[in-house]
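Structure incoming, see below.
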Amino acid sequence: MITKENMRILAKSMIALDTIEMVLENKYISQTALPGQFLHIFLEGKTLRRPISIADIDKEMGTVTILFKVVGSGTKQLASYEPGREIDVLGPSGNGFQITEEDSTVLLIGGGIGVPPMYYLGKTLAKQNKKVISILGFQTKANVFYEEKFNQLGYTFIVTNDGSYGEKGFVTDVFHKVGDFDRYYSCGPLPMLKTVTNELNGKPGFISLEERMGCGVGACFACVIPSKDDKGYKKICSDGPVFDAREVSL
Amino acid sequence: MITKENMRILAKSMIALDTIEMVLENKYISQTALPGQFLHIFLEGKTLRRPISIADIDKEMGTVTILFKVVGSGTKQLASYEPGREIDVLGPSGNGFQITEEDSTVLLIGGGIGVPPMYYLGKTLAKQNKKVISILGFQTKANVFYEEKFNQLGYTFIVTNDGSYGEKGFVTDVFHKVGDFDRYYSCGPLPMLKTVTNELNGKPGFISLEERMGCGVGACFACVIPSKDDKGYKKICSDGPVFDAREVSL
Amino acid sequence: MNKLAVNLPGLHLKNPIMPASGCFGFGREYSEFYDLSKLGAIMMKAATAEMRFGNGTPRVAETTAGMLNAIGLQNPGVKEIIENEVPFLANFDTNIIANIAGSTIEEYEMVAKMFNETNDVHALELNISCPNVKEGGIQFGTDPKMAAKVTSVVKEASNLPVYVKLSPNVPDITRMAKAVEEAGADGLSMINTLTGMQIDLRSKRPLLANKTGGLSGPAIKPVAIRMIYEVKQHVSIPIIGMGGVNTAEDVLEFLLAGASAVAVGTANFANPFVCSEIIDELPETLKKYGFDTALDAVGKAVME
Amino acid sequence: MNKLAVNLPGLHLKNPIMPASGCFGFGREYSEFYDLSKLGAIMMKAATAEMRFGNGTPRVAETTAGMLNAIGLQNPGVKEIIENEVPFLANFDTNIIANIAGSTIEEYEMVAKMFNETNDVHALELNISCPNVKEGGIQFGTDPKMAAKVTSVVKEASNLPVYVKLSPNVPDITRMAKAVEEAGADGLSMINTLTGMQIDLRSKRPLLANKTGGLSGPAIKPVAIRMIYEVKQHVSIPIIGMGGVNTAEDVLEFLLAGASAVAVGTANFANPFVCSEIIDELPETLKKYGFDTALDAVGKAVME
């Protein structure tokens, strides 16, 4: 259940170009959050909260790690907060990735700032002894992060748009190298998700979506996406952000 | 001349109920400011700057002291700033008190948060070997500040509205005890200034006025007060805040 | 005696605080944060005759001290609301205000009739001011004759007290207020959002899919206060005020300007507890500024 | 080639940045902070036929992300302005735009004639939208016929290009824009302030002596952008945009929405260097978002 929590910033570091890793301490969220859920972060002076995915959790330490890219005034403000400070968060928000016990091989496909939720998911899947293959796409070498960490989960392809690191091209360009898998999980920019779901059409998969949010709890109808069911829509904040790839219309 | 300066906060302390003393470091302003001038202080997120009088200056140390009461969101924000931080200030703003060499005895009359500018004025006058008599009015005992400092300048009456400290009543209630003086200087709430100028009608004196300001430099016409000259008005921010008591219509 | 209590046509409010329409859904989500029985009332999200999907996304954008929204009146339709949402809200000891939007007078009439038949709705709020739909909505809100017409039709169609929600996108709000008062409105609800736009520098296009959206939040509070103050002098029906309320002091400012109750919209998004916290703080705030009851403050700034 | 240059009727602007009327006086005070020759133009404070003392104080109040003002058009009168202020500004290598206000059409006409006779004024800005005076001002700005009338009279009375400054307190700004375009306006200036109010909780009265005031600052930017975007699609005369500009990115947003030049008002108060800083930053900002010149950005969001 979502609650309003104070989370203390324990550590902050820049792990790639404009990309911040922040470790937050909070008992409730660290114990209850699932891979794919997000935090809805209040920033002083801002009208709306900022949704940021949970990238990792250490239940024993009671910490939650987030990774975010500085793209506008809110993320810039968050990046300026120093360890010791507390931030006001709603969470854990949304529904996480569904994990299927029978799966033996899973493919993670993360693009840019869609990579973070893939990490805690991959860690959780790897703990269940599934074979984890990851494809991580970034714009350019300077944006790459968490390569080492994903390597520890399983074979990891790094792809950069300009070929400055790893393979050149898009995440889909290495699909032919992946081999067989039972299910895929993907998070990234919408154009990427469109190509991914098209190319993997028919394969079972889950995707995590982004949209500008108002409430973040399902009340305001800001974040809807057309769905194939009777109701005709889903709310990304509360029905998602994770959806069965066959359930929504991108 | 007014410039835009960064002033580093060196010290901050609460010297009376809701009343903060802040010592700011800045070469230019400490060397050029005159008694009665003010600083126009920028506060993050605020549309308008806040005018605060200069309460004291230490030219050797290059410091400027301000005293302010927490009355609203801006002064609350300023009060939360810790030493080490820099604040953006326009100053020195306005015209200070005119000092007449021939005067031998001067009367300072300060009310509440109008007391601060009286201090640097009194110090300057005392240095010129004038006899300084001060009347400082406060609401109640908890509001009293700088009594000791004024005592060092000369005889000082403390008056509180409720009689909880010093004499009971208004600043004007002790006029009969003051004896003769050449000139008076006063700053405080408008009703006080009205009574003071009325009762001392005919005596040469200077008063410092307050009004809500836009620009603080004389451009926006927010802070006008009717005057007895041809133009018919004065701007408090640039023609004042100090006026000859006979020049303006309260 | 309950010092926060306010009685308005059809509404015995235990306190003058309620979430504004569209910013609280049908209460379900916020009921997980606190007990909705604490609220003076709840203004439900707009209902239309049929379900509406609303506008494309993005539907919201943040602005300095405010936000733009162009939800486009997405809602499951009045039937579904009466069947599934009203019964849920009826579990709470609070007043339910049904917000109605329509493209035609007949639609307003039909939806009003249906709410009238439930026993759980305490008042109707006519949204004649939604700037985010192509037809209906805002035309009703900028033409006094249309506004009067829709008001009187809805009054005929139901026994419920009718609060007409006025648009601020007019040069003379008093004219609108008087028109609907004469047409039989029991109260006014003001203000709805100001029409605004944000352009995305990267795409070089309006950020919202609908291009324009409604501006809400603290940015518009001075406009709301001015309009309520003006209208209060010229009408005798009560006003439910809204527009940028974040704190108990904001609520007091609305009461002083002439509002008898106050709705909180956008502020729920940053702080889901905001209504509850304001209700807790209000008694002390009233006292701080010398008022014994909420009622004592109503319209105080208007009377000379 | 100067990548910031913009040519408008009567105005060869070296850059599209100018201080907005009423927020920069007659330039004297700000000339102590930087060289005014750096500015594209200067919009002088409103001039009336006779000197005006204006409203009582307080005349300004701060609001969230904005401010209210009710100066009441205080100015020394057109004669004094021509004798003492225009010559001072003429020392700078920039364009002088004279802002004119009046209670009657005759007053606008008379003041326009007088500015026309000086050789130093480059354009007139007709303030038909001041919300802070009892008569004139805003009536002209909410009635398309009155607005057209005052425009055509002033056009007849002078050879100077005329920019009509529109009020945002209308339901349909395009109607106003078209009316003055047809009446011969050379350009538009938009927006003026939204009417607002603040109530002082301590005194329980409107804080401003004039009760209402004009809301300016970042709070109103979305309204300004929306109106410029709307008007741009329906008129062919250029628009000088304003309302809440604080940064070079704000300027770009106005250009994209359809403004050919941009005025900065309220922001001068917090930062007297703001116009100068924006001019310095603008080339880089344009480049960042893929524009070679300021002109390239004008109206980009409007064209589909």
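Each chain carries a letter (A, B, C and D) given by its place in the written order, and its residues are counted from 1.
Everything that follows uses one rule, which is that a residue touches a chain if its C-beta (ideal position, glycine included) is under 8 Å from a C-beta of that chain, and two chains touch if they have at least 3 such contacts.
Treat the numbers as computed from the prediction; the structure is a model and nothing was measured.
Of all chains, the one whose mean C-alpha position sits at the greatest distance from that of subunit D is A. With centres taken as mean Cα positions, subunit D sits 34 Å from subunit C. Per-chain Cα centroids separate subunit A from subunit D by 46 Å.
Centre-to-centre separation between subunit B and subunit D, using Cα means, comes to 36 Å. Within subunit C, residues 63, 65-66, 218 each touch two or more of the remaining chains. For subunit B, no residue reaches two or more other chains under the stated contact definition.
Taken as a graph of touching chains, this assembly is arranged as a line, each chain contacting the next along an open chain of partners. Counting only pairs that meet the touch rule, the chains in contact are A-C, B-D, C-D. Note for the complex: subunit A touches subunit C at residues 1-4, 42, 46-49, 74, 90, 211-226, 231-233, 238. Those residues of subunit D lying in contact with subunit C across their complex are 63-66, 68, 142, 167, 169-172, 194-199, 201-202, 204-206, 211-213, 215, 218-223, 225-226, 229, 244, 249, 252-253, 256-257, 289, 300-301. For subunit C in complex with subunit A, the residues that touch the partner chain are 22-25, 28-30, 32-33, 45, 51, 53-54, 57-63, 65-67, 69, 71, 74-76, 217-218, 266, 268-273.
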